[in-house]
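Presented sequentially are two complexes of subunit A, the first with subunit B as partner and the second with subunit C.
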Partner chain A sequence: MPFSVSVTTSADTATIELSGELDAASAPAFHDTIEKAAAAGVGHVAIKAHHLTYMASAGLRSLVFARQKMGEDVRITVAGATAPVARTIRQAGFDRSVTLVDE
Partner chain B sequence: MTTADNRVRIDAYPTHRIAGHHVRAGSPLPFGACLVPGGINFSVYSDRATRMWLVLFEPGAREPLAELEFPPSFRIGSVYAMTVFGLDAESLEYGFRADGPFDPERGDRFDATRVLTDPYARLISGRDEWGAEPDRDRPCPYRSRTVLDDFDWGDDAPLRLPAHDLVVYELHVRGFTRHPSSGVTAPGTYAGLREKIPYLKELGVNCVELMPVFEFDEHDNPRSDPATGEPLLDYWGYNTIGFLAPKAGYAATGRFGMQADEFKALVKELHAAGIEVVLDVVFNHTAEGNEQGPTISFRGLDNATYYMLTPAGDYYNFSGTGNTVNCNHPVVRDFVLNCLRHWVSQYHIDGFRFDLAAILDRAPDGTPLANPPLLEQLAHDPVLRHCKLIAEAWDAAGLYEVGAFPAYGRWAEWNGKYRDAVRRFLRGDPGTVGELATRIAGSPDLYTGRGTTASVNFVTAHDGFTLHDLVSYDTKHNEANGEGNTDGADDNHSWNCGVEGPTDDPDVLRLRIRQMKNAMAVLLTSQGIPMLLAGDETARTQSGNNNTYCQDNELSWFDWNRRDTYAELHRFVRCLIAFRHAHPLLRSPCHPGGPAPDAAGPADISWHGVRAWQPDWSAESRLLALMRSGDEQIYVAMNAHWEPHDLELPRPEPGTEWHLVVDTAAEPTQDIRDPGEEMPLEVPGHYRIAPRSTVILLARP
Partner chain C sequence: MSDATALLVHPEGNPPPDLLSALAHEKVAFTVRTPDAALGAAGDEQPVPVAEVLLAPATMPPRTVRAVSRRMSETGPTPIVVVYTEQDFAALDQHIKLGHDYLVPPFLPPLVRARLRSCYERAKLSRTMEEVEAQAELLSYERELRIGREIQEGFLPEGLPMLDGWDLDVRFSPARNVAGDFYDVFELVNRRRLALVVADVCDKGVGAALFMALIRSLLRHTAEHSGLQSLMTANQLMPDQSDGGPGGAHMIPVVGATPLMNAVVGTNGYLTRNHSGQGYFATMFFSVLDPVTGNLVYINGGHNPPLLIPREGGPPHPLEPTGPAVGVIPDCAFSLGYAKVRRGDTLFVYTDGVPEARNAAGEFFGDDRLLELLREPVPSGRALLARVEGALWEHSGSAEQHDDITMMAVNRAVAAG
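Entry: the complex of A and B
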């Protein structure tokens, strides 16, 4: 399943929907979207990963990239991460950069 | 004033095409692989190579993606440097191939059939999951990788705790949480250790000393279990493959190549809990072994630079492992320095303990140097300026420098003499009281002018018996190591309290508990930096094995069930650490100065025996008491005798009287009392000390 990313902004939240496989090849598209969301100056970036079928380490590292691009006061949440992905995020310590949520 | 034009105006661009890749001459510094705009800069040193190649792999691929030979114009001095454009740093593995003479008598052992690991590799793949059976035929088994500098450190920095305030806790990353009883989500990993930080904080230690975490190959051990025939792993890892790469197999995320992130997250969270991180580093030898060992990196890049060689070109073996790193060669000094700077700047490490550090002051021909340039350089380096430097001040070839290690005002030492003196006293050996006094006072005989923090005091460490086994075994029991019980130290100064090994004799068991408490009480009231071995607070046992380097099993792992079965000991140690933290008098960085200038006032330390002011220094004496005086007063009596004694106590300062804090012979929870709960003595001025016990009194109104 090819990777796709879309962003919608409403009020103070930028919602980024991911689907398909997020890996080294597709990560740059995600990075571009992150930069757009950062430019929009929102206080919350909500990453929806429910339709993500695969997340390679490069994809996980994109979450660190997101943290760096956003101000410290911007909340970044990740919803819909599969159990293995959520576990890896926690073990690598990335859960200090982004918040895993159940939605 | 005009606004700066932020568009990139000057950028590197390819000038050559080699093996299908766009490249240009690179920058010789820094060494290793570094991300630069548009590409990756690779740099490697070799003085004697005749040709050099950069070998690129796709992750996991058996055969190289490309081999790019460095053209002569890409060599500056003896450094080969090339920038390769268009590479994806996150999905790339690499190595080097070096050609040159194979002439061992002249020190050269080039082997162009090998793809070599970059000495400066920031990450290494190949042993990504602990114990997973490797493909032993894979070309270049340990592949170098780049690392992104994108960790979110927030405001974290090394803690810079005063050395005299430290309570060090030596632990093995895997062993600490690998036991099924640990209850963590990722047993045996950095992430697992992170989950146990609340335990460390509650115990009260403020520095963890991690046994080797530089990448090593746990499969590199020729021994097998004599009972099962199964291969034994190198569990401890004093056998480095990559000096800048964190051990991937200790990371739950190692198979994703995220070991650096996971380790950094651990350091950051330890710091947030007020706990420093000291790394046990092994610069004295490498995993390449002797002449028969594998060619991994140094040997194939520049054998004569990196190793100490005899005039005939053989390896000197001051490390006992087959080779000796040529630490005082200028190139190697630079390498060691860069490694340590890397760990301090990239991982926020607070200090280092140097394995067999006496080797670091040997010249290239093995001669001990009076003024070894490496040690001086480390002591004065700007990046390392505030980190702790601790030497294991001996080596495997008889150089023993405890008290004589070139310190440059910076270096502390593992005080092996402290360990032996305390063990012999506690066992009841005759003629030990005098030396015990010296050791408890911070070993002024060894460290005059350096202060008490030059002495890292310990009774047990990873090498040797655990505290439980020190009081449960007269001799080592290392049969499981597959060497017929010939490995490991023989001079353990241990005593089994009457029965060798496990017993259900209640008197023996009570005595063992008391002896463990005695050891902890002496250690934690001594001047100097106390170091505990992880698990000693819960009576961790290795069943008498005093050299568990190859025991990746329950013999070595921290059994968390013992926190309940030995709750009494755990509480005792926790309260004792809190007592040390609460009383600066116990941790003075200055050696005792003798009588106070005001003749009316007490000396900062005074010695006593059964009678106040009358210490018994005779050979048959087995009791020593001391009184520390400063802003407050603390009295400690240690009785290694098998008889009780009626102590006459020195008079405390007017307006105060002695209160009981610790009596290791008392039942729990009377063995150590919480702050404010110290009890006035039944008979002021006197206390009956039980056989083989320790008493601590605090002078209070």
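Entry: the complex of A and C
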């Protein structure tokens, strides 16, 4: 499934919806979206990952980048991660930097 | 000349009729635009036509002519500029100095044709030159990448140490010229211990390769020079888990645990202090083996669990993460893990390029298939890697390799060495 990313910003939340495979080829698009969300100065970045089937280490790097870009007081959540994506995030220990939520 | 195309710019949209009829006679496909329309400044958002020749009046300032030419080159080839004039021959001067070609009356079809033909020849030649230059540039990049690869190979161990009673083997296959994966094997504590490292720097390409060189050097240098003074407080050196199976027994204090802990904590500190803006990190399995007893102490920093394959076969024992990936979280705690490699057991360490190898249809090799391959007893490290490698080739076929693949097998002989 081809990768797609979209972002909507409302009040204090930037919602980023991801689908397909997040790998080295698609990570730059996710990167740009995070830059936009960071520039908007929101307090919560909600990543919807229900339709994200795969996340390579380049995708994890984007999450690290998001964490570093946003500042400690910004909450970053990843909602509806599929089993392989959740495992990739947990295994690297990044469930301490971003919050995995069921939704 | 029937395949020729031209954009004719004229301020009032009424260029010299003789010129128009000469172009039509020579079957030149041309479009007439005002300068504003050609620049996209007319407000109608009309796209600029794709054409090989830009015909502009000599009275048009060279700067405007260049702007139109630039706009055309955004969507098509860079046009050859030909200025024309009926009376104002002095205006040609400024254009000729810039290398523009020119047309002056009489606009007789054979004369116009001859001039345009020479323009095409020039355009073709300059395009060929551009292609040759691009090709040369590409070759130079490829050479640089090849050099990068050779330098990177210098960051891998030259050979593997030979140890009595042990069979070590590795496979290292970068997906591109340069890799983000690496492995390392070196002796510690007066050659009484063996450090075994497999790591995967996130992302790909030159950036990952540069961080590979940095991380490998930090780990090895710190481990080799750490001495016995710990960077950690005592409670961080205490094991926090006890596993059954072939892993197991607690062994504290452990010789080699200090250089191991110092290397990983020191590297994590260095990366988070100096490179946090770049977002690079590495997952790694760093272990220190006592070849005499088979005792293994390790840190798994967010890496896919290495598998300890029991001599009798059956489900392998995973060595789960004992801390996060290295280079992300400042001052985070890493625990030590313990395992024992009994006679006949085999430790298999790998990077995610193995389960994530794809076939032509894009399907992953997968963890299940890998685990299935490891359930059978293993005669030697070399044999195990040949087994996995064969299955990977069979799965991937002619599909392009997406990720670096690194595998290490450490097999302890059944009989005493």
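Keep this in mind: the second predicted complex is superposed on the first by the 103 of 103 C-alpha atoms of A that agree within 3 Å, B and C clash if a C-alpha of one lies under 4 Å from a C-alpha of the other, contacts with A are read in each partner's own complex, and residues count from 1 in each chain.
Definition applied: a residue touches a chain if its C-beta (ideal position, glycine included) is under 8 Å from a C-beta of that chain, and two chains touch if they have at least 3 such contacts.
Worth saying up front: this structure is predicted, and the values here are computed from it rather than measured.
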(message) Quick check on the subunit A-based superposition: subunit B and subunit C, clash or fit?
(response) clash
(request) Examine A:R61 and indicate which partner it touches, taking first as subunit B and second as subunit C; both and neither are also allowed. (result) both
(request) Check the residue A:T53 against both partner chains and state whether it touches subunit B (first), subunit C (second), both, or neither. (result) neither
(request) Go through the superposed model and pick first if A:G93 touches only subunit B, second if only subunit C, both, or neither. (result) both
(message) Just checking: does A:T8 make contact with subunit B only, subunit C only, both, or neither of them? Give me first, second, both or neither.
(response) neither
(request) Could you name the one stretch of subunit B listed in 6-14, 186-194, 438-446 or 564-572 that collides with subunit C in the superposition? (result) 186-194
(request) Please write out, lowest number first, the residues of subunit A touched by both subunit B and subunit C across the two complexes. (result) 24, 56-58, 60-61, 64-65, 67-68, 91-94, 96-97
(message) Looking at the complex, which residues from subunit A come into contact with subunit B?
(response) 24, 56-58, 60-61, 64-65, 67-68, 87-88, 90-94, 96-97
(request) Mind listing the subunit A positions that touch subunit C in their complex? (result) 23-24, 27, 56-58, 60-62, 64-65, 67-68, 91-94, 96-97
(request) Spell out the residues on subunit B that touch subunit A in their complex, using ranges where they run on. (result) 88, 90-91, 148, 150-152, 185-186, 189, 191, 194, 251-253, 256-258, 261-262, 264-266, 268-269
(request) Please give the residue numbers of subunit C that touch subunit A in the complex, ascending. (result) 180, 200-205, 276-277, 279-281, 283, 301-304, 321, 323-325, 328-329, 332, 352, 356, 402-403
